[in-house]
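In the two complexes that follow, chain A is the common piece, with chain B as its partner first and chain C second.
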Partner chain A sequence: MTTYIIRRLLQAIPLLFIISFVLFALTNSLGDPLAVFAESRQRPTAEAREEMRRRLGLDRPLLEQYVVWLIGNDWMLVDVQGDGTVMEPGTRQGVLRGDLGISFVTRRPAWTRIEERLPNTLTLMIPAYTITLILAVGIGVYSSVRQYTFVDNLITGASFFFYSMPIFFIALMTIYIFGVQFTRWGLPALPIGGTGDGSIGDLIVHMFMPIFCLVAIQLAAYVRFVRSSMLEVLGQDYIRTAHAKGLSEGRVVSRHALKNASLPLVTLVGLDLPFLLAGAVVTESIFAWPGMGRLFIESFERADIPVMMAILMLLCVMVVVFQILTDIVYTWFDPRIRY
Partner chain B sequence: MSAVDTTTTQSRSSSAVATLQYEKGRSNLSRSMARLRRHRMALVGIGLLIFVFMFVLVGTLLIPESQSTFNMPSRALQAPSAEHLFGTDVIGRDLLARVVYGGQISLFVGVTAVIVQMFVGTVIGLLSGYLGGVIDSVLMRFAEAMLSIPQLFLALIALRIFSDPTEFPDFTFMGRQYSATMIVIVFVIGLTSWMRVSRIVRSVVLSVKEQEYITSAKSIGAGNWRIVLRHVLPNCFAPIMVSATLGVGSAILLEAYLGFLGLGVRNPTPTWGNIMGDANSYINQWYYWFFPAVFIMLTTLGINFLGDGLRDAFDPRSLR
Partner chain C sequence: MSNLRKFLGIAVVLAMALGLALTPVTAQDVPTLTVGFAQEPDTMNGFYSSMAFAQWANDLVQASLWDVTDTLEMVPVLAAEVPTVENGGISEDYMSYTIRLKDGLMWSDGTPLTAEDLVFTFTVLEDPANNFLQGTAIADAVETIELIDPLTFRLTFNSPKPFPEDIAGSPVYEAEGSIEFAPENQDPTVFSGPYVLTEWRRGEQMTFEANPNYALGQPSIGRIVLRFFPDTDSQYAALEAGQLDFVPNVSEGDKPRIGAMENVSMVTVFGGYIESLWLNVRTEDIPRAGHPALQDVNVRQAIRYAIDRQEIVNTLLAGTTSPTDSIYSSSPFENPDLGVTEYNPDEANRLLDEAGWVDSNGDGTRDRDGVELVLRYSTTNAGWRVNIQQVVAQYLNAVGIGTVLEAYPASEFFGSWANSGINAVGEYDIAQYANNTALTNPANVTVYEALNCDQFPTEANQGGQNFTGFCSPEMDAAAQVTLTSLDPAERLEAAFTIQTIMRDNAPLINLFPRGDNYAYRSDRFASEPRIGSGVGNQWFDILNWQLVG
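What follows is the complex of A and B.
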């Protein structure tokens, strides 16, 4: 087991290098990050911009920029004037030493940008995901046990319906009904965006609609998944044996069927969990929720390469880590699997 | 349907020759299609898709294209009326015309993006599975790398890189002006979603590769090309069909999300997604966002029903 984990970790390292290089090349071709300063109120002179470009290393070849991004440039000299007169030592430490760079826009470390936004995203995503999972297992199991009954068909139909729905449709409809129309009808309306005035109660009120939308969309896919893996297990011989031994229906479903059906669910959850960190781009922008998805869009629009790279690399590392964790949890759930 | 079934069963039992004809006449594909015709959800899906398609087609024939771009700010944001069935948008364009012509583009993007996706995915899957070795591990690591980044993020970045209006100017085709972002988005969606297809194809190739008929094809001197195209590729048909169908749905949704974020196909070309993007700031005017969203939903719903039906139909173990 330990050798397996070590081997997986070693395999992950080249993968992360490939991903980071591809992403670095892509984000660096998004356009000139210094164009932002040309539009700002205190417009720097062309010379100042050239100096800034050299300090940031944006004039160097891509491969060199990538190496600096990885291991920093405090071991080499930066030619600030571009003519070899003023040489300053670099200040960056590089990603491998935990320095994700300075945001081009806010001039603060890229990591502090993430630290500000990550809690917002998690306060939205964790409750939404937890509710989704609990409801999905409940509804999926119920629907599979009563296969082809009216309720099962209703659930299957509804999950298809929500599965095909773009999330902005649900979001706009809930805003229109609970935000706009409730105000017109004089009913207590829900706030339609933002995170409130900072108090917990207000935050929770603001969380209602985004969480409702996220659950509605995610739930559909998970219900279908739980239902189909339950149906597969319920058709197995050992379920018939369990029934034949005279076990109660509830015990067969919970102990024999659900436990086995939860294996594929573990994989799905393990692969989906890291993406919770990315937040929900569309939901966050509709509900003006200052989370990671919005941060990505904001940095994308202003070509803030260090922040984009920080978000993307955080995600990739989490994906790799969760893949390995999923495999470990798998052996715990299914003793037949040995590595 | 049942009449055909009984006659073939009868002739099957009557003589060996008839059995041969039965097997010949009813290939795997036609048996799958017969199963599909009995799949109620798939039929509903086909119905929905025909409805959406007819809406766009009839709309195109009845409403001139100029209606979808003709603006008149004095009639902005009117609720649906007899004159403008879907109302008007913020600069007074007729929303019915925009939904019709936007539908053309959304459906076009969905289908062509999937063609790109299937082509790339199949080629990479075949190469990876058939050649194996270093090529296999490089290609599969690459696919894994792309899978670990949210597709929306990848598409956004790629779209920005390749949508510079100076390099890709608007073009005119059959008397209508289109934004070049429309073509760019097809490739962006296609090239960011081939990974699952290539994995499916690869796994089919791996299981087929060791079969005896491949060995016999090799032993009679068939080249690699011939083996791959004649003996391996046909086995991938069913899974490719299923994921292509479902792929159209996700391509249309992705286009809608990109358009909604205001980063998809640019004006003057309307799509369901960018109409929604414009409507985002006018939530009070329900007709502005409701109709394009309904059509996106009907299309993806139809595609998901059909895709599910196809999966059941191609799966020999399926009972229905």
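What follows is the complex of A and C.
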């Protein structure tokens, strides 16, 4: 097992290098970080912009920029005037020495920006995901055991209804009903946007609408998934054997069926968990939630390459880590699996 | 199973009860103005930002020497008076400015704010190590900075400086070494403006409290909260629900929607932007020349005749502005006799026929010598722009001009030469965006930079700003007069000359001047707030804003 984990980690290293280069090339082709100045009222002079471009190293070839991103540029001189008159030593350490770079937008370390947003995203995503999973297992198991009953059909119908709705539609409808219309009708309306005044109570109130939306759109897929994987297991011989032994239905379902049906669910959860860190772009934007998804989209709009790269690399590392964790969890669910 | 169901049932009931119990009661200890910002400021040091939202946030906490009001008057803030030649503040030759501060000024922490602070500020601005993005023009022009006495300082310039408004920078508190990465830029602690920043929850909101030491007195609105709403729909919902009191930067296309809201009113201040169609008249295809038809001034004028700009303004912008042919539209330098080209498709057709562009192959678009008159028409992907683009394309189609419509994210559209930015490399025939007009003096960046003969972007001059390829030595000469002449009448005359040249040569077709639109809750404001124009300080009148309810 230990050998297996070490081997997997070693395999991840070249993979991360390849991914990082591809992502670097992609983020660099997204647009010009200095374009934001074009329509601004206080437009810096053309020379000031050119100098900034050189200072940020954006005038250099892509490969050189990638090497600087990796190992920094404190060992080389930067030609800030573009004519060799002023040579300043570089200041960057590079990702391999733990420096994810300085945000082009705020001139603060990219990692600081992530640190500010990550707790907010987890505050939203972990409860939403937990609620989704609990409801999905509960509803999925129920509708598989009561297959083709009225309740099962009702759940299936509702699942498809929510599944087919775009998140922005649900989110805006929720805001209009609970935020705007409730105010109009004189009912206690829910606050629109933000995380509240800092108290736990206010935070929970602000979490209602975004969590409701996140659960509503995710739930359907998970319910369908649990249901179909349960149905498959319930048709197996050993379930019939368990019934024949006289076990109660609850025991058969929870001990024999659910545990075996969970294996594909674990794979799915293992794939999904790292993306909780990424936040939810649309939900966070609409509910003005200061999370990672918004940070990414804001960085994308301003072509803030260091921040985008930091977020993407964080996710890549997390995907690798969670894949290994998933493999380990398999051995608990299915003792036959050995590495 | 039944346990699970019971648990879920209880959880749902609890959650709902909690929700109702915790719904915030709007108990406010001090009058609080809640403002919705579409973007979060990138820095609280205005010298490092060119973002409108950062400027607005900065103007709350930083006082200038003088402010420019909504009527473009200059009112002193830190300065005892706005310097003029008459009051002796400006030397006869406009080479030096002597500026006296008010007596007894204080920073928010109670320490005296003196001329020494201003001298320090201009010294910091001069230091190239600070890599400022803003103020570099002033830094280049300043020759000497002298402290005369604790309340007075003098700036001497290397050439005459007729426009005092350029100098109205805010003082820097203190700094050591380069201040490019100073923590003060992100977490400032000492302020000179009407408010002090007390909390900045990144990505979410900023809280400001009234500054009792402000030069003009303490504002009656005790607290301002800026909340960041990246999504316009939810921002407007919050405004409609009364959870926001004030929303700056309402886009042109959203005006009808805001207008339909109950208890919400709008203030429009002309901010200096004129939405225009820029025509690519470059000939050398390095990297790309415009459509050959655009070389012909008749074709350019035909395009202007072909578009019913009044109808676009009426239907897409709720009639809140009007078409113009002047690059100085809505400014004190607009030539009132210039006139506006009326919509006249017949004239457009006549001009195009005369220029030899006729539909010889019957495919619906005009052509000449085997070249179809199909123009690449690009703009940014802002929704209201795309709407206008569609309508303009229909007008052009009606006179036999075909279009290929393109919309790009701003970072691509305005990208640099090196990044193959659409504008910079000329990958367009018509580009729709806003140019900036001058409001306080006739030196117009659109004219002296974006249409200047020496500003063509080329391999050798990659930072060139003239993306159209238009060149008129006569206009460049007039632009030089607006920049350097010390005689206001002569500057105005030069501005009139520029307007005539631009109207006749049509290197760009002005659509309409765009306002800065501010929405506010009429049930929260005691009266319509006065808001500064975009060139000045939007909050210049904040001391007179009153909240009710």
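In the analysis below, the second predicted complex is superposed on the first by the 328 of 339 C-alpha atoms of A that agree within 3 Å, B and C clash if a C-alpha of one lies under 4 Å from a C-alpha of the other, contacts with A are read in each partner's own complex, and residues count from 1 in each chain.
Here, a contact is a pair of C-beta atoms (placed from the backbone, for glycine too) under 8 Å apart; a residue touches a chain by one contact, two chains touch by 3 or more.
Note that the structure is predicted; figures quoted are calculated from it, not measured.
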Margin query: After the superposition on A, what does A:297 contact: first (chain B), second (chain C), both or neither?
Written below: both
Check: Taking the superposition as given, does A:286 touch the first partner, chain B, the second, chain C, both, or neither?
Finding: both
Note to self: Taking the superposition on A as described, I'd like to know which of chain B and chain C A:14 touches: first, second, both or neither.
What the structure shows: first
Notebook entry, point to check: Regarding the shared-chain residue A:50, is it in contact with chain B (first), chain C (second), both, or neither?
Noted result: second
Item checked: Touching partner for A:108 - first (chain B), second (chain C), both, neither -> second
Notebook entry, point to check: Where does A:201 make contact in the superposed view: on chain B (first), on chain C (second), on both, or on neither?
Noted result: second
Note to self: With both complexes overlaid on chain A, does A:34 touch chain B (first), chain C (second), both or neither?
What the structure shows: second
Check: After lining up the shared chain so the two structures overlap, which partner does A:180 touch, if you call chain B first and chain C second: first, second, both or neither?
Finding: both
Note to self: Going by the contact rule set out at the top, does A:172 touch chain B (first), chain C (second), both, or neither?
What the structure shows: both
Next item on the list: Quick one: name whichever of chain B and chain C touches more residues of chain A.
Entry: C
Notebook entry, point to check: Once the two structures are fitted together, what part of chain A is touched by chain B and by chain C alike?
Noted result: 30-31, 172, 175-176, 179-180, 192, 285-286, 297
Check: Contact residues on chain C for chain A in the complex?
Finding: 1, 4-5, 8, 15, 18-20, 22-24, 39-40, 42-43, 48-52, 55, 131-134, 136-137, 180-181, 185-186, 201-205, 227-231, 233-235, 237-238, 240-243, 271-273, 409-416, 418-419, 421, 423, 433-434, 436, 445, 449, 462-465, 534-535
Next item on the list: Over in the complex, which chain A residues touch chain C? Could you list them?
Entry: 30-53, 55, 58-59, 102, 105-108, 113, 116-117, 120, 134-135, 138, 141-142, 171-172, 175-176, 179-180, 183, 188-197, 201-202, 204-205, 208, 250, 253, 285-288, 290-291, 294-295, 297-298, 301-303
Note to self: Per the contact definition, I'd like the list of chain A residues that touch chain B in the complex.
What the structure shows: 14-15, 18-19, 22-23, 26-27, 29-31, 160-161, 163-166, 168-169, 172, 175-176, 179-180, 192, 275, 278, 281-282, 285-286, 296-297, 300, 308, 312, 315-316, 319-320
Item checked: Residue ranges of chain B in contact with chain A within the complex -> 41, 141-142, 144-145, 148-150, 152-153, 156-158, 160-161, 249, 253, 256-257, 260-261, 276, 279-280, 283-284, 286, 289, 293-294, 296-297, 300-301, 303-305, 308
